[in-house]
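As structure tokens, here come the structures.
Look for chain A in each of the two complexes below; its partner is chain B in the first and chain C in the second.
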Partner chain A sequence: MSQPILAVRDLNVTFPSEAGRVDAVRGVTFDLYPGSTLGIVGESGSGKSVTSLAIMGLLAQSAKISGSVSFDGKEILGLTDKEMSSIRGSGISMIFQDPLSSLTPVYTVGDQIVEALRLHTNLSKAQCWERAVDLLDKVGIPNPKVRAKSFPHEFSGGMRQRVVIAIAIANNPKVIIADEPTTALDVTIQAQVMELLAVARQETGAATILITHDMGLIAGMADDVLVMYAGKPIEHAPVMELFANPRMPYTIGLLGAMPKITGGDKAPLIPIKGNPPMLIDLPPGCPFAVRCPVPIDLCSQREPSLTPVDSEFDAEQVVPGEGVVDYHFAACHRSVEIDHGLINGAPVYPVPEHEYHGQFADMARNDRPVTLSVEHLTKTFPLIKGAVLKRRVGSVYAVNDISFDLHAAETLAIVGESGSGKTTSLLEVMSFDPKTEGAIKLGGVDVIHGGPAARRAHRRDIQMVFQDPAGALDPRLTVFDIIAEPLRAFGHDKSDIANRVAQLMEVTGLDPAQADRFPTAFSGGQRQRICIARALAPTPKIVALDEPVSALDVSIRAGVLNLLLDLQIKLELSYLFVSHDLSVVRHISDRVAVMYVGRFVEIGSTQEIFANPRHPYTEALLSAIPVPDPVIERSRSRIVLDGDLPSPTDDKPGCRFANRCPLFKTLSADQRSVCQQQTPPLTGTEGSDHLAACHYR
Partner chain B sequence: MSDVLSMMPAAATPKIAGPGRRSHSRMRLYARRFRRNKPAVVGVAIFVLLVLVAVIGPRIARYSISEIDFLALAQPPGGTHWFGTNQTGLDLYAMTVHGLGRSMIIAVAVSLLTLLIASFLGALAAYMGGWVEKIILGVINFILVMPLFLLEALVAQKTGGNWLWLIVVLTAFGWMVMARVIWQLSTSIREREYIAAARYMGVRGVVVVFRHMIPNIGSLLVVQFTLGIVSTVMSETALSFLGFGIKIPDVSLGSMLIDGQSVLTTTPWAFFFPAGTMTLLTISVALMADGLRDALDPNSAAGGRA
Partner chain C sequence: MIKYLLRQLLAWFIRIFLAINITYFVANIFLDPSANYVERRPPISPERIQQMLEPYNLSHNEPLLHRWWDWLTGVVTRWDWGLSPIGGSVNEQIAFRVGVSAQLMLGATIIAFIIGVALGVYSASRQYKLGDRVVQVASIIGLNTSIVVVALVVVFIAIQANRSLGWTLFFVTGSGSIGVEGFGPMLVDKLQHLVLPSICLIFISWASYTMLQRSLLLDNISADYVRTARAKGLPQAVAIRRHALRTSMIPVMVSFAFSIPGIFTGAMLSENIFAWNGMGRYMVTTIYGNDIHGAVAVAAFSSLMVAIGAVLSDLAVVWLDPRVRVN
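Up next, the complex of A and B:
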């Protein structure tokens, strides 16, 4: 067994703040062995990024750091910035979340790699340039000689992250820290980047720390997993062991709170109650105790330390290239009693009971009334050239001829990567803009061509919930004023408003006594509940949901999704749901429309789409989603698409997916020319509502 | 949905705090952050002191600003003339406190008027968009390229040194930059999701402006107002210094500076008292503006320090 390349012992980081001392990291301890991958997983504010910045010596001056970090046998905590600079980049390198802001826009990517090389080597400029081109080739940038002279803005997000990885591996570092490396990227691009990271690891033999909130990525990439909560590591085990038999209630809850891509029906998720604690003046005892379903008296008195639990670990499941294997640490007073999610034979998290009833629950889809009908919706943005005399030189087809029906008490999910036009479609439906091409019918009335009277009459029938609850709530209004706003706009009288606001807060799981507070006083999940309450205020028939849970932490997500499902049944709402997270889509929706560059490429019932995807793009999209189960994740084959989304500038005939299509590559020349020359229509077998736009499926 | 809501048990309609009750925790946070900024607190102290001097000072003065003491020409500071006298025997203390008051009134009035015009036109341009926005911005840009100081001097010259006219002149040529700033801020607020949400709820445009847009740039307006005071004091002083602003028998700090600088070698006190007072005034306001900006800006590093 080799020596650990990076050994962290009892790392503590505190920051001063307005409200008091923030204990951001408390007692992180781990060993990282050459060639292995440690996954650090936790929700926002759990201290995972602060840990990595502390190791890199990149924290602000005001942070107080104690403990020990030894790299290659040398203590590096407390080194001066200058001394650290020689280690950063060559010994330990880092990949940040946002590839746009981690590259300098004014230098070419080649220059930026050369800069990284010249800092740590004695190579000449020409040699460095050669090596830079070599590196770009290695990370899969096509035509690297030419592309090295390009500026970062000329690359797409995924390509930029490749360049960042090229810089990170330029000096053959011994440790690579990847801080949420794919959070800003789409799933198909994420799959490419994760594959590249694995290649980079083999190439350099470096140990990797993968910091993420996504259990699916951890399941696929990590050898060991450290789970953090409230700044403290609460469970540390090899990946197989951790997923198979978590011993700390928080980890169990985190794994249970996620919708399963393999599941499917609308069974309620198991949320973790409450919110992650503020890290200011933490009370004694376990910080998770208030949210824990199985606390004992000891939990609120003494904080459990990270101690070994007896492990029935099967040594044959060990992934090679790892150091110590037979261990499992958990910070819980009751971890000995917990076994495979059960405590003394009963589940740690009892399954919440939901009763689903309502007049539409048992009715077939076609018997329910159509609440929203969109026909041939097209949205183009003009492409303008010229500084003084502006002229239109073309159009960007953001949404290109989409049609769908939404029935009562039904959820239609529109999925696709960023830039596919899914949010634009939603906003176009919401805006009732008379200039829109196509028809939008609410309860059979065309609100686009029906004139202002029809628009006003149907305004309250469709409401929207936004992705970012912080941005969608005016910070200067109280919760009461926010929820009352639509009621006032639709002319409700004062006493009615007061009653309804209280009822709406109650229905969405908020405390009406807090109505006089400002949105900033609420957590992310509660803010999203405020947004939902506001959307429900004018009693709409349809609610448009734009990624309503993607800005929320995993443990909070489950509660909001349960609420949405609950409200749909109770109030017979139709949801128009936009998301890129397919596991959430699978959980909440009845029907799915897959969008690619402005067009629907496949539409059908959720079961059909997930079980028998017909379009090659849908297949690739489904296979790119990481599954939070290491056994499945490591055994399944994955279709990794190359390239990026094409630009939607012109509306040429032909299939837009052809350049990335795995099926296209297997076709004969004759068949290929059909793909390139004819736009495939959405078709399906007779009588089926599963339609796909592919010539050969 | 109303059926479902009314189906809920009566006990589920809890007591609710009305919209009239507001939490003041935000104001308290701002106050605390402002207080922690020592220079800003010093700025406030100096400014309050100057206001007191400008209000009470003339009442305890032994001489009026036009009363010539022929027995004490060019006297250094001392017993009867606290700040000394100038070449013509005028009491410098009386002139300084009067000039301070005059400069302050002009500064506050101009800054306030400028802010009103600028926020009205800036917010209107941002809210209306389209050709209204184009016209307002066009006018602003057109005025901005003109030699403003020269125009101010010419117009002020015509009005014969009346301080009320000076307010009008400084306002008329001073609102454009601030209007641009407010327009820019408002356009960024216009893109916020809560504005879109309000539109999808059918809230009327005017209501959106007053309920969402103006309050959300409010803190920045306060800062702009404070900075406006500094710049007005500067322009007023400059105009008076060049002889286009306040004229005898009225006195401002600027007009005293022009008198004082010509005799700097013989009676330096005639220059240093008005100059020192003016420096105190601008520095104190600048410090306050700095403190306000840091206290109101959630992203400011200085405000976040514990």
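Up next, the complex of A and C:
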């Protein structure tokens, strides 16, 4: 094997903080070979980003770094900022997470690419511009000559990430570090960017470090995987080996906690209990021991080091001084006993038991009462022009004529990309605004046209849980006050409130003894539980959930999803669930509505939609999601859509999806004109409740 | 863009016009020129006082609306801003004093701005290090020191210096010596008079720019796009200068543009201490002297300066930030 282009040995990073020394990275070691991709996975706070910034020399000066990083045979740790500057951008370049903020707003994108080129080449300004336009073309920016003179705010998020990639590959680097490159993007855009990254890697022959929390991306892109926990690498193996036979309980848990897009029905997920530790004054022993399902005494006494374990996929490596060893490292005292997720024959994570009974459990959907019925809901925002005399020049059709029924103890998920109008639909349903176009019926009563009394009476029947639990809770109120607030609003008496709050906290998996604490004292997952408890306080029949788990880490997410499923059965709740994450939707919902630019393009039972998607957009959405299984992920073909979501500014007839539709491209001219001139209605076969809005499916 | 500017200018013109006229009536309520004669020995009868004021359009014998109309037509048709209670021309006073104020304040303000921004950048890029702490302490002192105190110390040192030299290097009062001829000697004389008040003004005004620039730059230094710039291969100092400074300059420039009205009327204390007959001193004089027309003219001038400051700040923002250019 050739020499590694980047060799990291025993990298340690510590930061001073008010509370004490933070050990952000503890002993990271890996080799990166030319042309290969190393995936680093871990949850927030696991030290994966800090590792990459330490390699780049971009950490704050207060950070203390020790160990060794050698690039192309030369030690680069400890170089001055000036010396590192000649390596950054030409030898090692980096792609950051949030494309919206990673370009300087006051310079054109062309200027920013030219700047990168001029730093490391002797090309003239004109030559650099030519190359910049070339690069923009290469990363798929249409009309690059004109667009090079545009400012970042004139690009969409996906387009900006393309520009960031163009800057990263401008000087043909030998190593590209991609730090969560698609986390801030929609799935269809994520698929575009991942494809582009693969192209960029081929183009430059660079080695890539892909940092992500998404096991699906790792499965598709990485050759080797390094799993990090609490600042320390805990497992390191080739990708096939790691997914087939993880040997550290945390890795097993991480894989088990992810809802699978390919998976079956509502089997409970396997959560990892507890929360990741603070990296200040870590006690001796394995930092995962407190969350581990199979700890032994040794675990809390001595921290296991990363040692070779038997590998099953011919993965061997020559280690100087030790000869040939199996190339699968795990940091666990019991890794010898662990085999394919089993320890001594029993699963490492016992499957939690859930009781599925209740009066609706065996009842057919149509026999259950309808709790919420929405008919022809439309929400438009006016487009205003003129500084002094404002006049309406058009409308934005955020939600355009949607209808659905929600039955008791049922979950309807609305999925779509950002800007598709899914959250607006939810807020419109919640608002009870008498000016709303369409009808919203709660338990058969029209709350839009029913007058203030009906609205007031039904307000408590529908409650909401928001995306970001940190922002949704008033930091100045105690948990008790937060949960009690809706009860007070509905006039419950004092002793009743105290009982009910304690009961709600218990039901949502919180300790009632902590009711007098403030939200900041709780972790993200616990805060979302507080939000859920608050939503449940007025005993609603329907809970609207707006991306309730997207702000949470994978291991925490599983617990909250299990809680939601549990509560649905116990309390016979209907969920109106909004998400862009289809694997979560598959896991939790009974029915799915796919939304595109304000309209439903497909609606049906979860089984039907995932097994036989009819609309080309649904098909593309499903295929864009990475599957956390390298065998499946690498063998399937993927539909990658071109372009971005169109803006919903007019309501012309015709199919909105036509300009991105893969099916449209295969149609004859006559067929195409139908797509362009007639808005397809939601239709389905006789007697089926699986409807799709496409002329040709 | 030009259309936008013209619209802004028109809006400002209307605002200034309204402000001046409101000031006229307010000044007439609060300032009474006849009060200047009350203490006269031998006493002058009220009728006589009103008679004396009549040629200056300040007498109560005429109704207020009538006087206002006369004054306004004078301003609009002849650019005549009226007369003081003793018959001096307001136009002449303003013309002379604007020049004096500009000499005193323009240089000091620009130097304070440059020093302030430079130190702000310096201390932000060395956050929590010794240099940053020193600048922080200095700017807290600068912000909290009264110009009177600074002037006392500066004047004391200057007098000591003059004494030990045996000749007058620094003039402690006035804006110029009488009888100096020729460009060279005039310039030297002017500088000798300017140094002390300028030092005082710079001392009290640089710190606010430093504080503002430091905090804004610190917000931007940790911005993602500065990290991108460094990842491209820009050394830290260059990345800060090219990428963070420009975005963080926007609010500082706005604050600078709005300090322009202060240039002319904000230096009451320093003009009094160093005996410069500038606009600040004139403002105080007109109010004490019940000089209605003078006070209104000062207000008019100030509002014109506010308008210029606002338009300049708009231009600065447009120049620095492409995002606002679209609309």
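Here are some notes:
The rule we apply is simple: the second predicted complex is superposed on the first by the 684 of 697 C-alpha atoms of A that agree within 3 Å, B and C clash if a C-alpha of one lies under 4 Å from a C-alpha of the other, contacts with A are read in each partner's own complex, and residues count from 1 in each chain.
In this section, contacts are C-beta pairs under 8 Å (C-beta built on N, C-alpha and C of every residue); 3 or more make two chains touch, one makes a residue touch a chain.
Please read all numbers here as calculations on a predicted model, not as lab measurements.
By the touch criterion defined above, A:H153 lies against chain C but remains apart from chain B after alignment on the C-alpha atoms of chain A. Once chain A of one complex is fitted onto chain A of the other, the partner contacts of A:A63 are absent, as it touches neither chain B nor chain C. When the two complexes are overlaid on their common chain A, residue A:V640 makes contact with neither chain B nor chain C.
Within the superposed three-chain model, A:I343 lies out of touch with both chain B and chain C [touch as defined at top].
In the superposed model, more residues of chain A are touched by B than by the other of chain B and chain C.
Looking at the shared chain after the overlay, A:A116 reaches chain C, while chain B stays out of its contact range. In the superposed model, A:S93 makes contact with chain C only, not with chain B.
When the two structures are aligned on the shared chain, A:V396 is found in touch with neither chain B nor chain C. Look at A:P486: by the touch rule set out above, it reaches chain B but stays clear of chain C.
Of the two partner chains placed by superposition, only chain C is touched by A:V164; chain B is not.
Shared contact residues on chain A (touching chain B in one structure, chain C in the other): none found.
Of all residues in chain A, those touching chain C in their complex are 56, 58, 81-82, 85-90, 93-94, 96, 98, 101-108, 115-116, 119-120, 151, 153, 164, 167-168, 387. Remark: chain A residues 16-18, 20, 62, 427, 430-431, 456, 459-460, 462-464, 466, 468, 471-478, 480-481, 484-486, 488-490, 498-504, 506-507, 512-513, 515-518, 521, 531, 534, 536, 538-539, 570-571 touch chain B in the complex.
The touching residues of chain C, when paired with chain A in their complex, are 7, 223-236, 242-243, 246-247, 320-323. Here chain B touches chain A in the complex through residues 1-2, 4-5, 8, 12-19, 21-23, 26, 29, 33, 192-194, 196-204, 207, 211-212, 215-216, 218, 304-306, going by the rule given at the top.
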